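Written below as structure tokens is the structure these notes are about.
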Amino acid sequence: MNRPLIIGVMGGGTTGAKELEDAYTLGGLIAIQGWVLLNGGRDTGVMAASAKGADDQDGLTIGILPDNTSRHASEHIRIPIVTGIGNARNCINVLSSDVVVACPGGMGTLSEIALALKCSKPVILLNYEKEKRFEPFQHQGLLSYAGSPQEVIDKIQAVRL
Amino acid sequence: MNRPLIIGVMGGGTTGAKELEDAYTLGGLIAIQGWVLLNGGRDTGVMAASAKGADDQDGLTIGILPDNTSRHASEHIRIPIVTGIGNARNCINVLSSDVVVACPGGMGTLSEIALALKCSKPVILLNYEKEKRFEPFQHQGLLSYAGSPQEVIDKIQAVRL
Amino acid sequence: MNRPLIIGVMGGGTTGAKELEDAYTLGGLIAIQGWVLLNGGRDTGVMAASAKGADDQDGLTIGILPDNTSRHASEHIRIPIVTGIGNARNCINVLSSDVVVACPGGMGTLSEIALALKCSKPVILLNYEKEKRFEPFQHQGLLSYAGSPQEVIDKIQAVRL
Amino acid sequence: MNRPLIIGVMGGGTTGAKELEDAYTLGGLIAIQGWVLLNGGRDTGVMAASAKGADDQDGLTIGILPDNTSRHASEHIRIPIVTGIGNARNCINVLSSDVVVACPGGMGTLSEIALALKCSKPVILLNYEKEKRFEPFQHQGLLSYAGSPQEVIDKIQAVRL
């Protein structure tokens, strides 16, 4: 099977209006490419916005939920994966994504970036403050920064070609 | 969103020809209903057969892999969820399924039946030897036995109506 | 390091008086041997009784909790391991035990027996109804039945010699 | 039961001589206080050094292993908890610790700091480069920096009083 690319979009559960708009746009662009959107599944913040963006473009959306029911899933998540393992599901988010995109967020998002780099997954940071700690990964070509949702898409295409 | 039903199909990694044929037929029938097939994702036994059955009917197939890569996924799994948590992923198989169907299998399958019943998920056993231990769940209407893939479909429809 | 043997004691959260008494006695005998008791950690049923039995004999008790706090741990658990992964912790119970002893219980206990056998851990069933399904493992010498806590101890010693 | 304090010591699998010496000293000081040392259990880097430090002072050492056997555990780990869940065990490290101490390390360590802060666990960073991103947690009193193993102990005592 020629599997579609799975793009993980991570980011804060509570975040600003600009970040939510970017997450929505990014979700839509991912869907338009024919890629699958994967995120943490909850009905809040970057998760809800990116899922709505992809769903509005008829993209497939997968939510890896920390809970043991799908009660808190965004209605724009088509396939809720109910893990029941709490924050340990962050590892699954990362391992299941071909590319991990992180939008601004808190400690959950930071743990996902760290786990992604530990697993040598390509990471793209969208409007994320530069961090000295990530420089070695940038030099290796594993991590890069993007200033807009479209730039994220361009970078994913570059990674894949 | 009006989410599609997710049907988990569990069963042995190594199993007989009749069981594989049933798993293939069941996967196809699930897809024809417009339901999503979810299983353990590996390229072997009931997992591979049910995924091929659903994929041959253009159904969506989700594989919850124990490994930390998708290398051992069946090619008929469209969305590999890479958990990296080994047998602990059996809980995710069960929690993510609206109905759990178990085909004959070994101890992994038995653990999934037990975990499903513990979580009060409806369980349908396909050509599975009757067990005294499951009788209380049968009386509660949580567990039932089916003699053919079509009977599984009929029972799922009955559960849902 | 010469590590102490870790004995996992599984069994129902709600169970009869005779089972609780057996679990208490078994916990004590494990401690007297200088072995470590490991269980699911909760303050109920076989978990609480076996922990109290071991603790009353100054044995070391480890509880692998499903929750994300130690609030529901038995006070007789000296080291609560707080997993936050729900029933998926059953796999950790089994993998961390050198020998798995199962007392009568429900579906959680059955899942632990099944997972233990899948991982080729020695399993001893204490006053547990015989099951045809386990016969192949009995013939392999991986599973055995005991009629009393002392018989469990004797069998563990036999496994280890 | 009056449970002993469990101190989680995180840090790199490969790290410098000074860091290893500090980890060894810290492990010893933890044991001398009568506290339990918990770490990732592997026979390498900060894990092995802190376990040896505690074990040399007859402290209790718990290792939360990512693997599905205890083969790669340090010989100074008295109780190997075999999780089989890979990096997802980082969450268990954090949830099971009353205080999380992080020594210099890579992305695994960073994920543990992030997860600890997300779960509101007190975090002490030993000879760790200051990071702007952690400042809000420092102001809340949840995160602090220490310049020596003894200062870590002093800070833990301050947290507890």
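We just call them A, B, C and D in the order they show up, numbering each chain from 1.
Here is the rule we go by: a residue touches a chain if its C-beta (ideal position, glycine included) is under 8 Å from a C-beta of that chain, and two chains touch if they have at least 3 such contacts.
Quick caveat, the model's predicted, so the values are computed rather than measured.
Asks: To reach subunit C from subunit A by way of touching chains, what is the minimum number of steps?
Replies: The fewest touching-chain steps linking subunit A to subunit C number 1.
Asks: Is it true that over half of the residue numbers where subunit A touches subunit B are used by both copies, so same, or is it different?
Replies: Homomeric contact, same residues on both sides for the most part.
Asks: Once subunit B is fitted to subunit C on CA atoms, what angle does the rotation have, in steps of 5 degrees?
Replies: 180
Asks: Going by the touch criterion at the top, tell me which pair is linked by more C-beta contacts: A-D or B-D.
Replies: Ranking A-D and B-D by C-beta contacts puts A-D first.
Asks: Determine, using the mean of C-alpha atoms as each chain's centre, which chain is farthest from subunit B.
Replies: With centres defined by C-alpha atoms, farthest from subunit B sits D.
Asks: Calculate how many whole Å lie between the centre of subunit A and the centre of subunit D, each centre taken as the average of the chain's C-alpha atoms.
Replies: The computed centroid separation for subunit A versus subunit D comes out at 29 Å.
Asks: Could you state the distance in Å from the CA-based centre of subunit B to that of subunit D?
Replies: Averaging C-alpha atoms per chain gives centres 40 Å apart.
Asks: Residues of subunit C that contact two or more other chains, please.
Replies: 68, 84-88, 91-92, 119
Asks: In their shared complex, at which residues does subunit D touch subunit B?
Replies: Residue list for subunit D touching subunit B: 68, 84-88.
Asks: Would you tell me which residues of subunit A are touching subunit B in their complex?
Replies: By the definition above, subunit A touches subunit B via 1, 3-4, 6, 36, 55, 60, 62, 64, 68-69, 75-85, 88, 91-92, 95-96, 119.
Asks: Going by the contact rule at the top, pick out the subunit B residues touching subunit C in the complex.
Replies: On the subunit B side, the touching residues are 85-92, 106-108, 110-111, 114-115, 117-119, 129, 131, 133.
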